[in-house]
């Protein structure tokens, strides 16, 4: 079906786009409809990808093809199902066991990720030799001072007075430059999204209608 | 046991990735790989957990005819149809209707929702972005330089100086500040994670466990 | 009094001006120049050294919310890799749309080249768990992805037989909307040593400069500007890319064209900021009197 030379999918796409954009004028039932549809379909999408791309290939199919060879997969499966026991009061405590494993694993992984991947690597590149030579030495000093002063700004265990206050004030300036840069970049990101939608409305939806 | 077992499991499972990081023995790494692949499955069960809550609260809303209940029907209908085709994929990958609905419905809805922010950010720039004091002026100046450095007009106006200046801001003072934030946040997160592993922080287990 | 009126103008007038500014270049593109920067060249030059014996993993870690910024990056990077005949493994770690974005972009770009699925490239699909599958791929990609996006067993594919884990991968490129790009740097690069590059939405770009500086990343494409720089490098270097981007339907989708809109709306917003501040200071001065 191609009303006015445009596939029906594009019409649906354009209608929903306009429903959301209508919020700019004021809140209205079309926006509310689209918003609810979005929330519902997003969750439906999760269920689809989880089933199709994780549970089927990594759990159901191995168990169906070679049950005893993959019998250990019943452990994560049981843990996964136990997470839902929280909705059944009599066995709700079992959900905590599954949650403990789930949280425990990610806490352990995150801990190494933060200590090793963030703190160690970032510090190592901050505390560098000042023998880089030329203007690079100056830039290294600026980065070192910046990192140090920002860390001092986030150090709340002592009152920011005297020398500590001055260094933390310097940290604020570094943060302000970074926030300013972030603001500039954020504007760019938001405009890109708007451009994407307008480009769809003009090039994919309206142009074919006009030319048909 | 109901109280201690979860705390014990958090400790053991939480310590394992740390232990495996420092002990590159084959047996340890095999076990670690097993744990990683298992967690892929557990996480798959965890992701739709929110669906149960949302479905429950929306059914209640419809039953009691609370304000805006027809939108709850829309939400549940969207969820059911999308989930139905999601599960119906079978052995040949996603059902064609699943990808079709994603492209023509989920995708424009999400993309347009976020595109509204372009208007708000422009309006905020006009109304709130004021050089009230030195800090705000520094922020404003950095923002304008970076914005000009990201568009061709900036270089046209300044004879090609804006791109290098904006890159300098990004790679030196900005990187320094972001690094400070990364290290600071990582220290905070790490101490919280140690508290969880050691069982000092228990709020994640829910009521009655703290 | 008039100044105050100007300072608090109806926000919808601002919305209208932004909308007009964005629409004009879409209807009639201007064609403004693009200058590539070092973070983008970092990734481009790396890929330019790779060939048919090498493999690159692209992780689609974004959804429709950042599609206009990251789709052009995905297309440009895939084209670069396919022109150089580098083998490509595509995965998705971001739940809301990552795998659908990967399907769309691969469908679009792979048909431009003479490629064999499972040999030259593969779409492994989405996997739950964030860090869990990312870490597990350090030992075996097949353990995490026993089947591809459409359920085909991967152990029969020569690409997966040859590319066992990160040791066989030259670069991991994450096209990321949120925090997942950081994980590739602070978890996968840190623990497995594989080169990582990130193409991110402009909002998160400032943070990645810290990882770029520390060497945890070899390249960074920040938002639409980053994508347009990559397209520019590609078009200048490869005649086949120039031909591809010369097609009207591809030109419309390109980041270089998108930068026209960026430029116009940026100028409008900068004008708003300057105008707003001028009014603010004028008002303060008149109030002091």
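We call the chains A, B and C, going by the order they appear; numbering starts again at 1 in every chain.
What we mean here is this: a contact is a pair of C-beta atoms (placed from the backbone, for glycine too) under 8 Å apart; a residue touches a chain by one contact, two chains touch by 3 or more.
These numbers were taken from a predicted model, which means no experiment stands behind them.
Q: Sort the chain contact graph into one of these: line, ring, star, complete or other.
A: complete
Q: Any idea whether B-C or A-B has more C-beta pairs in contact?
A: A-B is joined by more C-beta pairs in contact.
Q: Roughly how many whole angstrom separate the Cα centroids of chain B and chain C?
A: 17
Q: Using mean CA coordinates as chain centres, what's the chain A-chain B distance in Å?
A: Result: the chain centres lie 3 Å from each other.
Q: For chain A, give me the residues that contact two or more of the other chains.
A: Chain A, residues with two or more chain partners: 24, 42, 45-46, 49-50, 52, 54, 56, 58, 105-106, 109-110, 112, 114, 116, 118, 122, 125, 143, 178, 181, 185-188, 191, 193-194, 196-197.
Q: Counting only residues that touch at least two other chains, what does the list for chain B look like?
A: If we look for residues of chain B contacting two or more partner chains, we find 21, 37, 39-44, 47, 89, 93-94, 102-103, 106-108, 110-111, 113-114, 118-119, 121-122, 125, 129, 140, 143-144, 147, 150, 170, 174-175, 178-179, 181-182.
Q: In chain C, which residues are in touch with two or more of the other chains?
A: 15, 18-19, 22, 65-68, 95-97, 127-129, 132, 135, 144, 149, 151, 191, 205-206, 210, 213-214, 225, 262, 265-266, 269
Q: In their complex, what parts of chain C are in touch with chain A?
A: Per the touch definition, chain C meets chain A at residues 12, 15, 18-19, 22-23, 26-27, 65-69, 95-97, 99, 125-129, 131-132, 135, 144-147, 149, 151, 183, 185-187, 189-191, 201-203, 205-206, 210, 213-216, 222-225, 252-253, 258, 261-262, 265-266, 269.
Q: Which residues, counting only chain B, touch chain C once they are in their complex?
A: 21, 29, 33, 36-37, 39-44, 47, 89-94, 99, 102-103, 106-108, 110-111, 113-114, 118-119, 121-123, 125-127, 129-131, 140, 143-144, 147-148, 150-153, 155, 160, 163, 167, 170-171, 174-175, 178-179, 181-182
Q: Touching residues of chain A toward chain C in the complex: what are they?
A: Touch residues, chain A against chain C: 24-25, 42, 45-46, 49-50, 52-54, 56-58, 61-62, 105-106, 109-110, 112-114, 116-118, 120-122, 124-125, 143, 178, 181-182, 185-189, 191-199, 202-203.
Q: Which positions of chain C touch chain B when the two form their complex?
A: Its residues touching chain B are 7-8, 11, 14-15, 18-19, 22, 32-35, 37-38, 63-68, 95-97, 100, 103-104, 127-130, 132-133, 135-136, 139-140, 143-144, 149-151, 191, 205-207, 209-210, 212-214, 225, 259, 262-263, 265-270, 272-273, 275-277, 280.
Q: Could you pull out which chain A residues touch chain B in their complex?
A: Counting only chain A, the residues touching chain B are 9-10, 12-14, 16-17, 20-21, 23-24, 32-52, 54-56, 58-59, 72-73, 75-77, 79-81, 83-84, 86-87, 93, 96-112, 114-116, 118-119, 122-123, 125-126, 139, 142-151, 153-154, 171-181, 183-188, 190-191, 193-194, 196-197, 200.
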